[in-house]
Amino acid sequence: MSVLADLFSLAAVGAGVFFFIAGTAGLLRFPDSLTRLHALSKADNLGLGLVVLGLIPRAENPLAALKLVVVWALVLLSGASTAQLIGRVLRRGRE
Amino acid sequence: MSVLPLLDIGLALLVVAVAAWTIAARNLFASVLGYVAYGLLLALVWVRLHAPDIALTEAAVGGGVTGVLLVTAGKRLDALKATRSGAGPGLRERIVAGALSALVAGALAFVVASLPTPAPSLAPQAAAAAAGPGAGLGNPITAVLISYRAFDTMLEKIVLLLAVLGIWSVGADDAWGSAPAPLRRARPDGAMVLLARILAPIGALIGVHIFWVGADAPGGAFQGGALLAAMWMVAMMARLLEAPRIGSRALRLALISGPAVFLTVGLAGNILAGSFFAFPPGFAKPLILFIEAFMVLSVAVALPMMVAGPPDGESKP
Amino acid sequence: MNPSLLAGLVGAALVGLGLYGLIAHPHPLRKLLAFNLVGSGVFLVFGVVARRGAAAGYAFDPVPQAMVITGIVVAFAASALAVALILRLAVAGGDVSLDPQASGRRDDGEAE
Amino acid sequence: MIAQPATTPGGFLLVLAVLLPAAGTLFSFALGSRAAEKIALGLTPVGFFLACLVAMKVAAAGAPIAYAIGGLPPPLGIALRADGVSAVMMVTASIIVAAAAFYARAKFATPDGVEESRGALTFWIMIQAIWAALNLIFVGGDLFNLYVALELLTFAAVPLVCIDGRPETLAAALRYLLFALFGSVSYLLGVALLYGLYGTLDISLLAQRVGAAPMVWTAAALMTAGLLAKTALFPLHLWLPPAHANAPAAASAVLSGLVVKGSFFLALRLWFYVLPALPTAAPGAVLGALGALAVIFGSVLALRQARLKLLVAYSTVAQIGYLFFVFPLAAGAHVWSPLGWSGGVMQILAHAFAKAAMFLAAGLVAEALGHDRIAGFRGAARALPLTFLTLGLGGLSLMGLPPTGGFEAKWLMLRAAAASGQWIWSLPILGGGLLAGGYVYRILAPALADGEAAIQARPERSREAIALGLAVIALALAFAPQGFFDFLEIGRPFASGSAP
Amino acid sequence: MNEILLAAAGLIVVTVAVGLARILRGPDDADRLMAVQLLGTGGIAALLLTASATRVPGVDDVALGLALLAAFATMAFLNHLDAGEGDAEP
């Protein structure tokens, strides 16, 4: 059981790291701000989400697991709204 | 353990690089952005130093609220179109300044590296005393702040109060009593209002949680209060709430409640437990939570008022 | 290299960087930022002292850690008071320079 | 200091001396400026009484009195201790704060029909906070607790400088704040190193543990540099003249008479109480030399000022310089150390009273004439005899002419310099007196000349009397009996019980 | 297992550090803001991984606070950018 859990953690965390790397690459390589924004918002939300998912089996108690989820939800929330706001700022700047 | 030292070194380099960026950046906005990033990274360093309480404080105050203070100030300076300032020092002065700073940093690094081993510590005394005046507190830092060094903490809350009054006192005479200028003049759009509507209540809940667990786990009055303060500012930025008038009696009472209750309980200790700031045996933990509740209130009110600035005659509440 | 020594070196570097910014930047808000860097460097030195004092089942000496929390609060209050003075000075005089000789010169693009 | 019980009889008085004005601050903030004025004025006699009680307790015990807060003795808890010099400073602070408060009623009363006024609330709260901070500085026994006290002092003093809101006062306040912040950070870094070395910040425990290690020197240098910036010792004096000259007169009296003495007092505590184990010849010489430069530069600049308040402020820069001769003249366990110590403390007191009197008088002159340009003083002494008498008496003390406290201070220092063979310090002591004579003459000569001064508003007699009263105290210090100097020796490290 | 989690944390720190180059390059303030947001998220991920590997108590609350404050700071900067557009030009 614990081996299975460990494997799950490894897979999820590994995938999370991959998304972080992908997001950063996008931030650096994409040609303009709007596409960079797209890369960022997909990547860091998924990256952190997968890391959290991987760490949940290792949480000491249900409350700690809940906190992990809340952390992710907060980042997701602020990421979603800020992406929209940054998008608007960028669009206005372009007009 | 072979990866951990590498992680530490990477983190250390990153912190120093971001700090250098805040000094080197061309514009103020970029510099302040760098400072917020720096605050986040520093919080990680504090965790690595086994200081989660400080990590929370640093992230909340050092990074978050100070960053907002500076960016708000920059915006207001822009609005005044008054960002004149002297040209920077010439190259020669810069070189001298750099050499001096490098010398100071080098000397300090040498001194820190030669701190004595074994290091002296009050941890044993704090552990021994944990059965006494700080009884029932699982978080030794809360015990130090509210019991052993309560005098410092109480006075520091008065410092906060004086800073609030000092900030108000630079306002115009005819504005006295009115509310500070809003954190945002223009009406915000839907996305920001929505974010604030969701973030503020959840954040407030987390702030209360951090205060509540502070007796036994990392957290406490200051950290909880600072998070609540941040959430109040979120609501103010979205114009969901307006800053109160500085003449308001309720505001004044909220601001003094922390130090006043602290002082009163301290004096009561003189009667009940034989010494100023002594807690009667068995009542230490409830009394400490009682004091902390009012300190949370004071901090949560004081920080946003300090960011909001002096009263502003133009903004009618 | 142990983590607390590393943090101490970071603290020393931060004090140096902040000191440089304090001297080299004419803009008072930038000076304030630099002052905050110096402050956090000093706090890190406290943190190193606290970490080294781990004993009696604690991973740290709680006394210097508590002092840092007090210090961070005071440093923030100082920044806020300075910001209020700078803004008011800009309203009243239109010149936020601290250098008596510099008044009247245009800014070099440092300010946003 | 010798080991002593954590709490002695009467120790709670020390807590009260700090808490009373601190509580006054809180109540004033809640109740508004009209009540704040009543609270501040009402507290002054109580605070004076408390300070006298502390002095009596110390005198009766013949040893410092102490209090361990929370019943927890150091190192974990914080101790308060009052020795002879603390008690004398507390009494001095209470007198000057009271004088400034009663003097300031005319300016900072809350006008009728207004709920609260900005200047009044700020002044009455900040003056109480300054008082609380000073009392804590005088009795604090823990270096971090003293850091908090220093910050309390700074946050209370800076807003007083810019209370009238003119751009130049705001610039002065901002510069003062930046110097003060630099001072705090430097002091704090030194505190961190001392804790890292010895695991305590209690002054008497540190005194037992400190040895002459390189790190101790670093910590001492950092803390001293920070305190010097706050005390405005040359060359860190740039902030002082604009700040002290631009504040309202009552605030200037407190800032110049007391606030800079707060950080100086900590420098005394540091070198004489925390670090008596360090050899003091070299640092003493450096501090004394900076003091000598301050005496000369401050006096010369004072001679060149066109405005009375700026002149008086530059005179503070010079008089601060004298204080630092105490480091070469009172260090160690020599026969002449008590002479230097008494001289240094006497200089603190004489300057505090004389300078507070002069700032209050300068405020009256400015109100009466509508300006404070010295060139326009012709005939003013005849129109305002009491006020110019105050300026003259204060000036006598600054010059060090007998019979004044200033004379007593300089005489004691000269005797210490002679007894210790450090003749070099007598040059700035005497030369500074001559220069002070020059700038006092510059004030009085035009005022005593014939002419018709245009008086716009005649100052109240009571306010003139307050300023004169302080000047008289500065004079009366010359007649301090032997018992007074014995009292100053109580609690001083190396004190042998015999005073000059 | 712990070593691997720490390595993951290290990789994320390195990644976001590279991403920080975007702060330096800009060109817009919005780009800089994105980079700081990525740093915040990456920092939180690294914090959670390190905490899970080294078992320092109380770190979950620190992560909660960091997430909250990152959102707060981003909002403040957007407040500035958003309101600054249009009326900043003379």
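As written, the chains take the letters A, B, C, D and E, and residue 1 is the first residue of each chain.
Throughout what follows, a residue touches a chain if its C-beta (ideal position, glycine included) is under 8 Å from a C-beta of that chain, and two chains touch if they have at least 3 such contacts.
Keep in mind that this is a model prediction, so the values were computed, not measured.
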For chain D, the least number of touch steps when starting out from chain A: 2
Labels of chains that are neighbours to chain C and to chain D: B
Touch-network distance, chain C to chain E, counted in steps: 2
Furthest chain, CA centroid comparison against chain D: A
By number of C-beta contact pairs, the top two chains: B-C
Centre-of-Cα separation between chain C and chain B, whole angstrom: 13
Interchain centroid distance [CA atoms averaged], chain A/chain B, Å: 28
Whole-Å gap separating chain D and chain E, where each centre is the average of the chain's CA atoms: 48
Residues within chain A bordering two or more other chains: 70, 74, 77-78, 82, 85, 88
Residues within chain D bordering two or more other chains: 76, 144, 148, 151, 155, 158-159, 162, 165, 170, 189, 193, 195-196, 199
Multi-chain contact sites of chain B, meaning residues that touch two or more partners: 29, 48, 50, 53, 74, 78, 108, 115, 119-122, 126, 148-149, 152, 156, 159, 162-163, 166, 170-171, 189, 192, 195, 199, 206
Chain-to-chain touches, reported pairwise for every pair that qualifies: A-B, A-E, B-C, B-D, B-E, C-D
Chain E residues within the chain B interface of the complex: 3, 6-7, 9-10, 13-14, 17, 20, 23-24, 26, 29, 32-33, 36, 39-40, 43, 46-47, 50-51, 54, 56-59, 61-62, 64-66, 68-73, 75-80, 82-84, 87-88, 90
Footprint of chain E on chain B - complex, ascending: 1-4, 6-7, 10-11, 14, 17-18, 21, 29-30, 33-34, 36-37, 40-41, 43-44, 47-48, 50, 52-53, 55-56, 59-60, 63-64, 67-68, 71-72, 74-75, 78, 81, 183-186, 188-189, 192, 195-196, 199, 203, 206, 209-210, 213, 217-219, 223, 227, 230-231, 233-234, 237
Touch list for chain E against partner chain A, complex: 1, 4-5, 8, 11-12, 15-16, 18-19, 21-22, 28, 30-31, 33-35, 37-38, 40-42, 44-45, 48-49, 52, 60-61, 63-64, 67-68, 70-71, 74-75, 78, 81-82, 85-86
Residues of chain B that touch chain D when the two form their complex: 107-108, 111, 114-116, 119-122, 125-126, 129, 133, 147-152, 155-156, 158-159, 161-163, 165-166, 168-173, 176-177, 247, 249, 252-253, 255-256, 259-260, 263, 267, 269-270, 273-279
Chain B residues touching chain A - in the complex, by the definition given at the top: 189, 191-192, 194-195, 198-199, 202, 206
